[in-house]
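Each of the next two complexes has chain A plus one more chain, namely chain B in the first and chain C in the second.
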Partner chain A sequence: MSFLSAKFLLYVAAVTFLYYVVPKKKQWIVLLLASYFFYAAAGVKLLAFLMCTTLSTYGCGLLVSAIDLKYPDRKEKMARQRPVILATLFLNFGILFVLKYMNFVIDLVRPGAGHVEWALPLGISFYTFQSVGYILDVYWKRTEAEKNPFRFALFVSFFPQLLQGPIGRYSRLAKQYKEEHSFSLLKLEHGVQRMLWGYFQKFVLADRAGVVVTEVFNHDLNYSGITHITAVLFYAIQLYADFSGGMDVVIGIAEILGITLDENFRQPYFSVSITDFWHRWHITLGTWMKDYLFYPMSLSKWMSKYGKHAKKVFGKRTGRIMPIALSNIIVFLVVGIWHGSGWKYIVYGLYNGGLIALANLCTPLFEAMFRITKIDPKSRFMHVVRIIRTFILVLISFYFDIAGNLRIALRMLKASVTGFTFRTLTDGTLLTLGLEKKDYLILLFGVAAVFTMSLFREFGHDIRLDVDRKALPVRWVFYLILFFSVPLLGMNNIVGGGGFIYARF
Partner chain B sequence: MEELIAILEDIHPGVDYNTCTTLIDDEILDSFAILSIVSELTDTFGIEITPMDIVPANFNSAKAMWAMVERLKSGN
Partner chain C sequence: MRGFKPYLRVVLFLLLWFAISRFLDFGLIPWNYAESDIKRITTATYDDLFIGTSHGANNISPAAVDQETGRKSTNICLPREFPVDSYYLIKLACETGHKPDRVIYELDPTYWTLLEPQDANSYYIYRSFPLCLSKLLYFKGKTMHLDWRFTLSPWRDYTDRFKDFFQLIRQKTTMDHETFQRVHLDDKNDRLTEDGQIAKTITEGMKRGGYEEVIPFSPDRVQAGSLKWFLNIASFCKKEGIGFTVIRTPVPKETREHFAENYAAADEYFTQLFGSYGISLIDFSKVPDPELEKSEHYVDADGHMDETLAAYFSTVLGKYLKKQ
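Entry: the complex of A and B
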């Protein structure tokens, strides 16, 4: 059942109705049943994978907690907890690895051999990461183990966030599922408002920009220079509108049900550095990686040994950064691989990790440059320069994300510079990429709307409060415009829309 | 405590560490800075800081970091 189908909207309406008419203590059961029904609709057999992750992580949490209570000695406790955790991690990441990356491994080991064809369980990367995070939180005593297996099953399977996140934390979600929720017109209005905004971004912007992206990236040899740059710019619009729009739909549905999910975006294209970009883009994946991979790896014994060695060789300051930079590169390698199998994703991860590591290692150099040139790095001018520089670096990374493979990505990057001419913008080439003049105008209008919203948010202004303060008729006019703009300006109608990009991961 | 303030000023200068209590909440210290601080605290005070200790409550102020150092020095 696609999030973009009328059937799904009816399903959400039916679940919402049931959720608020059953006794409040049973609300979580409605959510659990609704989540499993939603998942089963995609394929009953795939439920086995979801249940395997649920049961193994639930059992692991209980066992880790029981060992914690039984053994007072810290070392003995950890020695007994670690094998349990490692076995659970091995099982869950093993399933993910086999299902998602087996064909890539086959290509590496036996090029030309046939691929394995199997269906990837819906949202496997998202629910695996969320469940693994829970185990480590129990181990580090950041949360208590859940005793009720059904409540835990809801934490893993909550249907709005199952497909593309946000990757939630048990400590924030579990208590919300236990709370009793009363129906509120304001919650409904806010949720629908957010869903409409998400659908607007998806149908009006993402799907329209995607037409140009598909044409150029699928036939890159037919184009060059500014057409490639236009296509990657359009991909920046498509990816943001698709993922952020999808998140608005997910968070909006949860909001109607009284559940607050973590935000996944914070105006990422206003980032002043690649580090800042990853603090604003797919925030829940970034914080997951930081908490559960980056910190543990950086604090590991072997990294500590490397740090001591690096301090001797490179001096105190650089030596201190070296192990952190290495951990960071490895983390981004994992981020790249998380996005998919193939060399282009490995390069995508290494590119991002490498840039962040380099920026941190070169901080003294940048500080010296600013001192010598007497440029104030905190000036408004430099802020804008850093935003533009970061956006260009992000665009370069997108070549690796969207191109068919690494070879095409590199070929397109080269052609973007070598075949550059502004004439392409006016000689009618853009009208051969699948969009008409009116489409470009709609895109321009849509991007201006999203940009304005983002700008307000960036300056700490909550547009939702402004809308709330308006009289009811004014609010309804606003909602009706937004509602009708989706089918009228959207590329696909709401009945037959395509899927979300991140649901693939 | 003075030793800790010196470490913090070396790693991330320009902050009043005696008064600031939102080093993490206000994103003054990023993950690179936190790990640099951890590296120095480990070397200077001979303590072991684990992922369990990397929570905002332990790094939001110099006072909180010092409390963590004292706790880890005493073996708790």
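Entry: the complex of A and C
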């Protein structure tokens, strides 16, 4: 059931109605049934994978918790808990690996041997990570194991977030599912407001920018370097508007139901470094990686050994940073692989991890440079320079994300710096990329709208509160403009496409 | 009462939005041939009902067919009519008490391989339906699965017509569908006849479509949805005791030769498919008739005929249908 279909809106309306008319204690049951029905609509067979992850992580949580109570001795406890956890991780990541990466492995081992054709269960990357986070939280005693399998099933399958996240934490979500929620018009207003803003970004910006991206990245040899740069800029618009728009729709629906999901974006294009970018972009994936991979790895025995070795080889200062740098590279390698199978994703991850590691290692150098040149790194000017620098670095990473393969990405990157002429921007080439002049104007208007909103948020403005404070007629006009601008300015979907990009994960 | 006020405000807001939306629909969306077709099948009496695509709309003249069969037929083939649309058109005819004796489905294999694009044309037949059970089922079967912007704001694909907004309102408030169609839809090349044929006239300087406009058939591109809805039509007709025949209209000889492999693949696929369901297919693209093979009376390589050839073809079709 596409998030963009009328059927989905009707479904959300029906679920909301049922949710608020049943006795409050049964509300979570409505959500569970609605989530499973939603999932089954995409294919009943795929439910098996969702249920397998649900049952295995639920069982693992109970078992780990029971061992914790039964064995007071820490060593014995860990010796018994670890095999259970490892087996569950192996099972769940194994399913994800086989379904998502098998063809990539086949290509590596036996090129040309043909691919295995199977349907990828919806949102498998999201619900696997969310469930695995839960068992590690139970193991580390950050949360208690859920005893009710059905409540746990809701945590794994909550339908708005199932397809494209945000990757939720049990400690924050479970209690909200247990709480009793009363209908409130304000919640409805806020939820619809957020959904409309999400659809605006998706239809007006993402789908329109995507036309240029598809054309140029599919036929890169037909275009010069400046067109490649334009296309990657458009991809930055498309990806942000698509993913952030999708998140707004998801969070808006949850808000109507009284559930507060974690935010996934915080003005990422205002980041001052790649580290900062990953704190603002796909935040829940970043924090997941930090909590469940980066910290355990950085604090592990072998990393500590490596740190000691590095200190001997590179000196105390650099040696201290080396384990963190290595952890970052490994974490972002995983982030890259999470995004998809293929060398380009591996390079995408290594590029981000490498930049962060390099930045860590070069910090003393940068500090010295600022001292010598007497430039204040905290000045407003330097802040803007750092934003622009980071944005350029992010754009480079996007070549690997969107190009068909690594070879094309490198070829386009090379063309972007060696074969471009500014004349392309004015000689009408832009009008041959699938968009008309009016589309560029709408795009410009849309980007200005999103940029203004982001700027307000960056400076701490609560736009929603501003809207709430306006008089009713002003709010009505605002909502009518939003209601009509989505169909009026939105791009028509391409045949067979048009879904959210991250819903394919 | 005080607690009720905020809800009243929401209802008022929705009513305001609804009123503006419908006003935009009225001023931006011109009537089309579907309105006339739907009015005819829900009011007129007929024995045979032709359903299908633009090929059927252009190439089948019910008047010429009726002369041969001695029956009364009507044509509701429309451009961009996919099997799902045909299914609900038949349902509508039956619901309104105009059940035909026989449905003749004009098969265009191209439509079976296309994933229907989402634009205003995906909705125009649905929009023309009167408010009834079939429309509700049509919404459930097709419309609600498509992009919600068209469902809630059908006017969105006609925004280039803002300049004619008030003119269209004037026309719609002073004319009925048939008059509107005669004055604003019929032109020197297209004319909707009283029995539903969109008769084409070749005029001097008219651009004729070439091979590039032909979408060749390939069995591996057949969409599951097309097959599903076609089988729904067949089983609905069976259940209602309506005769069901499938025909395929001819194409110029050159087109058949140019896409020989694709035509052979389509022949094999549909013969096998229909054979397995016991459905009869009359494929006029295989009937050796020198008149039907000449390209000068076709408006394009894809097989859309002008009025003269359509009349001839309909006579041939009538003879075949009479034998059935």
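By our rule, the second predicted complex is superposed on the first by the 500 of 505 C-alpha atoms of A that agree within 3 Å, B and C clash if a C-alpha of one lies under 4 Å from a C-alpha of the other, contacts with A are read in each partner's own complex, and residues count from 1 in each chain.
Methods note: a residue touches a chain if its C-beta (ideal position, glycine included) is under 8 Å from a C-beta of that chain, and two chains touch if they have at least 3 such contacts.
Computed from a predicted structure; not experimentally measured.
In the superposition on chain A, no contact is made by A:Phe234 with either chain B or chain C. In the superposition on chain A, contact of A:Leu472 is made with chain C only, not with chain B. Touch criterion met: A:Arg320 reaches chain B, while chain C stays clear of it. Within the superposed three-chain model, A:Phe8 lies in touch with chain C and out of touch with chain B [touch as defined at top]. After overlaying the two complexes on the shared chain, residue contacts for A:Phe483 are found with chain C alone; chain B is out of touch.
Every residue of chain B that touches chain A in the complex is listed here, in rising order: 27, 30-32, 35-36, 38-40, 42, 49-52, 54-55. Interface of chain C with chain A (complex): residues 6-7, 9-10, 13, 16-17, 20, 115-119, 143-149, 151-153, 155-157, 159.
Within the complex, the chain A residues that touch chain C are 2, 4-10, 185, 188, 203, 472, 476, 479-480, 483-484, 486-488, 490, 492-493, 495-496, 498.
Put simply, chain A touches chain B in their complex at residues 136, 140-142, 275, 279, 290-291, 294-296, 298-299, 304, 307, 320-321, 323-324, 327-328, 360.
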